[in-house]
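These notes are about the structure you will find just below.
Order of writing sets the labels: A, B, C and D. Residues in every chain begin at 1.
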Amino acid sequence: MSATLPDLESTVSEIADEMRARSDRGAVAHYIPELARVDAKHFGIAVIAADGTVACGGDSDMPFSIQSVSKVFTLTLALGRYGDRLWRRVGREPSGSPFNSIVQLEREQGIPRNPFINAGAIAVTDMILSGHQPREALGEILSFMRFLADDTDVIIDEAVAASEQRTGFRNAALANYMKSFGVLDNPVELTLGVYFHQCAIAMSCKQLAMAGRFLAQSGCHPKTGLQVIQPERARRINAVMLTCGHYDGSGEFAYRVGLPGKSGVGGGILAIAPGKASIAVWSPGLDAAGNSHLGRVALEALSKRMNWSIFGA
Amino acid sequence: MSATLPDLESTVSEIADEMRARSDRGAVAHYIPELARVDAKHFGIAVIAADGTVACGGDSDMPFSIQSVSKVFTLTLALGRYGDRLWRRVGREPSGSPFNSIVQLEREQGIPRNPFINAGAIAVTDMILSGHQPREALGEILSFMRFLADDTDVIIDEAVAASEQRTGFRNAALANYMKSFGVLDNPVELTLGVYFHQCAIAMSCKQLAMAGRFLAQSGCHPKTGLQVIQPERARRINAVMLTCGHYDGSGEFAYRVGLPGKSGVGGGILAIAPGKASIAVWSPGLDAAGNSHLGRVALEALSKRMNWSIFGA
Amino acid sequence: MSATLPDLESTVSEIADEMRARSDRGAVAHYIPELARVDAKHFGIAVIAADGTVACGGDSDMPFSIQSVSKVFTLTLALGRYGDRLWRRVGREPSGSPFNSIVQLEREQGIPRNPFINAGAIAVTDMILSGHQPREALGEILSFMRFLADDTDVIIDEAVAASEQRTGFRNAALANYMKSFGVLDNPVELTLGVYFHQCAIAMSCKQLAMAGRFLAQSGCHPKTGLQVIQPERARRINAVMLTCGHYDGSGEFAYRVGLPGKSGVGGGILAIAPGKASIAVWSPGLDAAGNSHLGRVALEALSKRMNWSIFGA
Amino acid sequence: MSATLPDLESTVSEIADEMRARSDRGAVAHYIPELARVDAKHFGIAVIAADGTVACGGDSDMPFSIQSVSKVFTLTLALGRYGDRLWRRVGREPSGSPFNSIVQLEREQGIPRNPFINAGAIAVTDMILSGHQPREALGEILSFMRFLADDTDVIIDEAVAASEQRTGFRNAALANYMKSFGVLDNPVELTLGVYFHQCAIAMSCKQLAMAGRFLAQSGCHPKTGLQVIQPERARRINAVMLTCGHYDGSGEFAYRVGLPGKSGVGGGILAIAPGKASIAVWSPGLDAAGNSHLGRVALEALSKRMNWSIFGA
């Protein structure tokens, strides 16, 4: 344990090389037509260490659809606005089910198990929307991402949003189902509109890792020194990421990587080494649980080599 | 974050006092008749820091039935013997269900979701039993506990074992169900016999915290310097404790306490602050998810005051 | 068995009197606001015997919302158009679940268990809609009802349809869910529009019993002599009514009444005594499974006194 | 409808010939080792008409393991002893699940959905056992079968009973599960012992059809004129057979055959044409739902040619 840790930049660079050479890449998500067109060959990684060091590799500047990684940031926004009242609308237990399961909702009166499965994220977005026009709510989410990433170039990919809006029947089912239990306040189509657009935010690994820094630093935004969220809440968001951030592969991710993380169906993963680093990886091919295959492999390697697991000494 | 941490011994002592004063204690488990007779007023806590400091409070020397906390140790034993082949018989994902649910087994061909729900622990015990007589297997488990705790006084409470054997129909259902899928190798009644006895091991908080030290110290047994289990495996056991150690309250425990932990229906919890401490608490009253109510409250206070959460800087 | 059967008209009249006197009436459905305004005191019954005798009692001429009873007629229409190909989209097994459950759909790839739960009926309506405008499809359904009932006064209650359209989130969830599996061909909102309107058809017991005659007479429309559907298909529709016509109370209805029947949340039930009679009852108060309480009680009495159970000699 | 019906004996003989020629026979149950040895080529049929006519075909005198068909007779016995109190321990709704599912038990507090799934039949057997020694209870069941069949040659196949006792882990799971909810009164192993033996009763089609006569004749035993069970109860047993007698293939059986029936995993089916005939068929190959494939096909042909469906005029 006391052995000298390897150099971060060369480690990240090695991992990027190793990932480029691998042929096991999983399958690109096909259920959102626009995403299915992305080349499975891409791999990017960006690490922002607590001291500000930036280590990148592969396609770390290429924007991709962050999809469900956006749920971390909308949860942060909604916790900021509603505090613990948020937990009346959504639980914080692992679901033991796939990301888009509706079974649990029937058993539990329309209350989603956690904010990182689709149903839970839709409920959180509905809370952000309340009292606003969809355009305003989206603007707030986008501004928040740009602020966190220190980058005004973060945009919404309208083609992806439109693609999902045309084909997102399963999410429409989840939203209508929750609406039938009174868990959503706004018209279903408005809430879904904001949700599909938030998922269509496009960011590079570097932008995403920048945006995640506050979670590695007790809720503090390094550049401005602003407290994005209270330290305790930052810890708790990390805890929910650890137990629920990879759907029905959350246990596996905790077991192998040992870091809080949130994946998206676009192939991105944001992972947090508390006190040490904010990390983003991207590889579009997914495993059976819907999480980036090489993204997880790369994070496992990084966590091991840097000795960053939260479960070890 | 950089503030000076409070003194461990006085913190533990304060928490013990606070717990003694509380009236919200949950309900003592009634489904094992022998356990139902325990006084809900008890509270004990013991912390063994990495430097060997022992801090105790309340009924920290009074033995209680460790019940499911034993699953951490049988998992360790079985991983040592079978390595990763163990995972062919049991998964490592949170179940999203109560500790004794059988629904998941039907959906997943008799393979339990993780080694910390009852079905999974029975499958692990079955692996330990294979090739042995029940008496030998039990002897091995008990010797292991005594070695880890540095204490030859750890015993099995035969009255509790007998009580559970008479009334453990739900566990018999789980075992027979797995047997029907070929997941158990040994006769159901033998496997259950070992399982009921392992759950009936009686230990004090101090003994239990001693036994857990290797998980806080990269798998190393401090007194003897023996590597109980490889460092990576110790981390991974911690990861499974974090995601699955409190049944359908695992997310809540991670969110509030921020430490890997394993609870038992006898009211005990073993929690690990990696690199920092092994902690055992005991309070017999349980919450709705079957975990010690005051035990969790005490651990939340300890983790916060000592700044031990694995999710913070 | 050989005892002389009582006179139909006096039996029906007696039953109407008995029902009027009862105070156990169940609860009027509240989830469709417009239906919640109906007075629970109503009770109507109409029996059309095979020889053309009409026996009525209570509010037998008062129109009510037939709701799910409409599913019998859309199934008949769709079977006529698609034949056994219909069964590729919907099963014919009892669901073991409430009328609006979505759990089964997740387990069975979006294929509803039978055409009499909501999901199944929506799938059938979607088939009727295919190749048509919603207005045409509705017109076809309405014309069919008027033809079967020999009565041009059968109408759609637009207020009920609008009420359901505003609040039918659960049905929207079911439809979107099936759409995500490709089980529906038409845009969800169009299919739901037709479905909500078909459910809002208003008929009196007398009209409904008239409309059901073909099921008691081997598929033949008595007045015109037209074969509405082949004899074998009429039998099979009766079989599906028996096993699936009362949601998760189908077993109870078969056990107590012993006749094929289909209930609606408006409090109506159509029951068929094959070869003997078509029967409609109406009482708005529902039991726990969502079926008319007094309607079932009245049918049990009628079936017993007339010795009409299909399960006896 | 008014066409002259075909001659029963020649119809039965034709059907036996047709079945002999078919090659689609399903798969012989393999999970009870002793049953797996039966030749899939067998086919037998026996029909006892209300006037006493006996029409047989194929292997109608060869004994086979009646397995779950026994549940009809234990239900009759238990209803005779306990009356409607029986329904406190077991429901009468279709389960929407396979014969050996345990999921429903968890959702419904250990109360089986109906007396014809395994769990429900075990609960009924437990009621018959209460107050008796297993040997006595079995003796009562066997005597009842012999009386109903007018044949003292009905025996229990001890090899089959022993085979099931060695391998019946799934039934042991169901029984222990119910026991954990207090639904069984007797020790699990005793109840299971009686259950496995009752399932191992060996009868020929002819014996089985003889035993079923009372259900076709309003509860009356033709030879002795004794009322085996009240007419209403006979009707109700038929109703439960119709809705629940073929597990998750009950809807299909009702749809195709249109008669109450109960299948067994040994390949036997008892079907009842109320007022007309008691029918037994046997063909060991099963369909996906665990019901005799050719047995169902033969009954469909018989019901159609004799116009015996209870759903037609």
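A few points about this structure:
Just so we're on the same page, contacts are C-beta pairs under 8 Å (C-beta built on N, C-alpha and C of every residue); 3 or more make two chains touch, one makes a residue touch a chain.
This one's a predicted model, so the numbers in the text were calculated from it and none came from an experiment.
One finds 31 Å separating the Cα centroids of chain A and chain B.
Taking each chain's centre as the mean of its C-alpha atoms, chain B lies 55 Å from chain C. Between chain A and chain C the centroid-to-centroid distance comes to 47 Å (mean Cα coordinates, whole Å). Shared interface positions of chain A, defined as residues touching 2 or more other chains, are absent.
The touch graph of the protein chains shown is a ring with every node of degree two. Taken pair by pair, the chains that touch are A-B, A-C, B-D, C-D. For chain C in complex with chain A, the residues that touch the partner chain are 101-103, 105-107, 169-170, 172-177, 179-180, 188. By the touch criterion stated above, chain A contacts chain B in their complex at residues 1, 50, 91-97, 104, 113-114, 216-218, 231-232, 234-236, 238-240, 242-244, 248-252, 254-255, 258, 260, 274-275, 304, 309-313.
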